[in-house]
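Labels for the chains are A, B, C and D, by order of writing; each one numbers its residues from 1.
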Amino acid sequence: MSDSPIEKSNKRKYFLEKLSGRFFLFCALISVISLALIIGFVFFKGLTPFVADGYSFVDFIFGNDWVPSEDKFGVFPMIVASLYATIGSLIIGVPIGLFTAVFLAEIAPKPIAKILSPSVQLLAGIPSVLFGVFGLAVIVPFLQNNLGLPKGQSLIAVIIVLAIMMLPTIVTVSETAIRAVPKSYREGSLALGVSEIGTIFKVVIPAAKSGIMAAIVLSMGRAIGETMAVILVAGNSLIIPTSLTDSVRPLTTNIALEMGYAAGTHQEMLFATGIVLFSFILILNFVLAKISAKGGQ
Amino acid sequence: MNKIKKFSIYLIALAITVLLSACSGGANNSNSSSNDGYTLSISGSTSVGPLAEKLAEQYEQKEEINIEINQIGSSAGITNSINGVSEIGMSSRDLKEEEVASGLTETIIAYDGIVVVTHPSNKVDDLTIDEVKQIFTGKVTNWQELGGDDLEIVVVSREDGSGSRDAFQEIVGYSSGELIKNSIIASGNGNIKNTVATNKHAVGFISFEYVDDSVQPIKINGVEATPENVLNQTYGLSRPFLFVYKDENLSEEGQGFIDFILSSDGQQIVAEAGIIPLK
Amino acid sequence: MNKIKDHLLRGILWFSSLLTIVILVTIIGYIFVKGYKLINFDFIFGDYSPTGGGGIWPMVVTTIYTIVISLLIATPIGIFAAVYLQEYAKQGRLVRIIRFATESLTGIPSIIYGLFGAVFFVATLNFGMSIIAASLTLTIIILPVVIRTTEEALKTVPQSYREGSLALGTTKLQTLLKVILPSAVPGILSGIILSMGRIIGESAAIFLTAGTVAALPEGIFSSARTLTVHSYLVTQESGDIELASAIGIVLIVIILVLNLTATYISKKLNKAD
Amino acid sequence: MKTAINLSNDSSVQAETNKNVKISVNNFNLFYGEKQALYDVSLDIYEKEVTALIGPSGCGKSTFLRSINRMNDLIDNVKISGDIIIDNENIYRTNDVIKLRTKVGMVFQKPNLFPMSIYDNVAYGPRMHGIKNKQELNQIVEESLRGAAIWDEVKDRLKTSALGLSGGQQQRVCIARAIAMKPEVILMDEPTSALDPISTLKVEELVGKMKKDYTIVIVTHNMQQAARVSDRTAFFLNGEVVEYDKTDTIFSVPKDKRTEDYITGRFG
């Protein structure tokens, strides 16, 4: 073997190496490009009424009235509704989902886990519309009949449907994270005489924290972004909810309900509603990124 | 770093080229599909949509034509027909001034009655227009006040911007701002019907074609909601179904479809669909 | 004291799991009970008829179209992006920006993707309401899922594999293609399954980008209606819970088949090792 | 014990006369970010000898070993100064890391076979370097496995997963995998630390045989092992080379007090 062909082939390899590295970088940048395009288009459309047409942004955010046909655009009730619905569903969904994940990964007898884990994974793929269909056909009448309400379409119905919908996401993602915790951590803790449950809560869950955080972010995205299922059970009333039984209109629902029928300023205001939604999510992501960065140290 | 920049610019250029060629591919594609028959694009009202689909199904069997119908709401359909995105827009409400000003032509293809409906168990089955207004503006909040059971009234309305809602409010005589705040807002006739059918408290309004046994239609001023009563103008809650288009955008094929709808065959289909034909 | 706490916690774990299972079984059960009567050969393979009684074949085809196209685009991009983040990038501002963008994409509500798709792909790029516009929108939606799951899968590949391969004088690219990616396949597959679920389940974004034409698509530039959009429209417009449930059964079966296939593939791959 | 020292004594005497310097290290410094891990390391490693690197944990011996085939490149923020010269070529001046790593093979602390068959593991390197001919590959695999003294144990199960082997067998397949590249230098990073005594013995015997073909640098915790297998020994402490000499000299008459303390077990 002479030197030159090897060096030549190495040169080709280094070229491919560089090319592939840059190609991978480009792929990674597509997320950034997409985000920039989405933000650009939504903000451009959504800010037009405030920049060009002299609408007040403060009135938009804190206004209580949303009557597009009378030129009144206030999204405060929807902001409140979105926050309540998301927080409520997380309060119910996260513990149940997380405990289920722990159960499947740590405690469940193997044959049970072997059947259940894929079933839950399957459920992650169930279209949200079907949860809405179920919510409308079962949960709404159930609430109405058992709580003696004039209507079952309510904040609590939204919370329940969202909590159910996020279960599969939380369970599958957290389960993967928990299973990825090295056995040696558990053995180390067990060897110190800590009980199995103690080990799970003191060692395994903290070790799987970043994955669990990912699960929560994903399901929060799902909850806040859910539209079609929510439309069916929220009632979509334009009031600031004062109780769990009030019917509500979250931000996403507002957009979906009226987008088809909107034109001109009305349509731009729906994009503005999108901006509000967007800002919430960006802030949430930022906060969560900070939390997980702190947790990682 | 500079090299990376150059390289990314190169790649982006490449991506755009690919996209553009895909675009032109798309144009070719729609051209080639015209060999099989002309594609007529229609979009708009969800109330008119089901009727238009039925008409299109029949018409496609007669003619070499593909009709694409997108149910995206009256306003969006009208906007599409103004922009030329769709050849024809469907509307279940009258055109607004600025829409007329943009040069749209409208053709009434049928009439629709709007029916106020309640749960079948509701004892109230006759209301005046004014009572309807008081219900929807929240002045009357219990069925007892109207001679029914002691149940809170739950108002179900369509969303702001819906052609059906605009038409309903205009006839009954209240504005969107007056609508009772805690009313349920449902998108689509089916959703309203379903909501009312499963709730003893509820009252809503839907298109004629959606009425069935699951809900109770309410007489208005003692007049039943029937096609005859709409045509002889004794039933007050009715509106036209419109096709709107710009004359310069309307193709021969599009005109052909409209002619078919207005023909006796077409109007027969309208009647079979439970909607009120023109004559 | 500690024992009581242990028992209590263990009880909570059992209870939560049971609750999850009961809820999910109830939903599936409800959909099956409501919808199974409508399911037959003609329902699935029959052409749609707006006058009622027809099948859902056009929607099945449209759904397959959107899945295949979005995955064809998103899977390679997502995997390579994850590869960049995990294997190539040095920690720094660029990586932070990319991660932030990916995380943010995850959280964006699908209705906003719908708005964007309608403005960008449908109008600006002039694809019209079409399968391709919807698929490109879906591509962005599932990209973060593919990236994240692939990254998690890459993290589980032992560092010693990389060292072992590189020490033999192989390039990063060779190591990646021959050792790292094959080891990460099961994880990547689970990401693709999650993405398929997302595509199949998506309605808001598709509604605004693909339109609602209830006919067999002629190509990727046709406007069409996916199964999920169909079940949504059926619920909204005609309030037909049984038909919506029947479509739901079809959707669930498709997902089940996909999952089983993926599990089978990853098992086979593991055995081949 | 004594015979071992005598043996290595003999060979190093020969080395004085006819062995060449294979790797020459001059004033080599290495930093992890701000933290310096190696201080002015200078030593010559001779061709076809076994050079052992000993010292307490964290003394920099593994870091140094990984510098010889630039495995430290994988870690962000590593900075170096000074030279490592192999066959008159400064390995930090050339950009051809592939060529370097082809020439300098490595065996790791824990067996790190890929999740493939035994055959594919050994054939992996040659395949990546463009050898596709089946017969040629078969031959390389057999020779390498023989060279790693494991052929007889695995010849009937070449197509089964390599991860089914015992730890000691896996480590010898790792050595075969390294040999398959026909390297000139083999770096071994505590290759027996995860193995039982019998497997350790086998690997040590193997190292003894291999030195007629390869230049071997071995990091070890085990001083008896260093004494048994190596010709020369470098004692590392806190990132510095305290003493570097022929193994028998280091173990019998260390010049530095710290070396003596370490060897006699007073710390470490």
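Simple rule for what comes next: contacts are C-beta pairs under 8 Å (C-beta built on N, C-alpha and C of every residue); 3 or more make two chains touch, one makes a residue touch a chain.
Which chain is which protein? Per UniProt: A = Phosphate transport system permease protein; B = Phosphate-binding protein; C = Phosphate transport system permease protein PstA; D = Phosphate ABC transporter ATP-binding protein.
All values reported here derive from a predicted model rather than from experimental measurement.
A.B. asks: Which two chains are joined by the greatest number of C-beta pairs in contact?
C.D. replies: Pair with the most C-beta pairs in contact: A-C.
A.B. asks: From chain B, which chain is the farthest off, judged by mean CA positions?
C.D. replies: Result for the farthest chain: D.
A.B. asks: Specify the chain with the shortest distance from its C-alpha centroid to the centroid of every protein C-alpha atom present.
C.D. replies: Closest to the centre of all protein C-alpha atoms: chain C.
A.B. asks: For chain C and chain D, what's the span in angstrom between their mean Cα positions?
C.D. replies: Measuring from centre to centre gives 48 Å for this pair.
A.B. asks: What's the distance between the Cα centroids of chain B and chain D, rounded to whole Å?
C.D. replies: A distance of 79 Å separates the two centres.
A.B. asks: Counting in whole Å, what is the centre-to-centre distance of chain A and chain D, each centre being its mean C-alpha position?
C.D. replies: 51
A.B. asks: Need the CA-centroid distance for the pair chain B / chain C, whole Å please.
C.D. replies: 32
A.B. asks: Give me the residues of chain C that touch two or more other chains.
C.D. replies: Each of 171, 174, 235, 241 in chain C touches at least two other chains.
A.B. asks: Which residue numbers or ranges of chain A touch two or more of the other chains?
C.D. replies: Expected reply: 13-14, 23, 25, 29, 136, 232, 256, 259.
A.B. asks: Considering chain D alone, which of its residues make contact with at least two other chains?
C.D. replies: Residue numbers touching two or more other chains: 98-99, 129.
A.B. asks: Any two chains that touch count here, so list every such pair.
C.D. replies: Between chains, contact exists in these pairs: A-B, A-C, A-D, B-C, C-D.
A.B. asks: Name, in rising order, each residue of chain A that touches chain C in their complex.
C.D. replies: Per the touch definition, chain A meets chain C at residues 13-14, 16-17, 20-21, 23-25, 27-32, 34-38, 41-42, 45, 95-100, 102-104, 107-108, 116, 118-134, 136-138, 164, 167-168, 171-172, 176-177, 180, 195-198, 201, 211, 214, 217-218, 220-221, 224-228, 232, 252, 255-256, 259, 270-271, 274, 277-278, 281-282, 284-285, 288-289.
A.B. asks: For the complex, give me every residue of chain C touching chain B.
C.D. replies: Chain C residues touching chain B: 49-51, 123, 125-130, 132, 211-215, 218-223, 233-241.
A.B. asks: Going by the contact rule at the top, pick out the chain C residues touching chain D in the complex.
C.D. replies: Its residues touching chain D are 90-91, 158, 160-171, 174, 178-179, 182-183, 273.
A.B. asks: If we count contacts the way the header does, which residues on chain D are in touch with chain A in the complex?
C.D. replies: So the residues of chain D in touch with chain A come to 95-96, 98-99, 129-130.
A.B. asks: Quick check on the complex: what are the chain B residues that touch chain C?
C.D. replies: Against chain C, the touching part of chain B is residues 19, 22-23, 26, 29-30, 33, 36, 41, 43, 46, 50, 53-54, 56-57, 66, 68-72, 85, 187-191, 193-194, 197, 210, 214.
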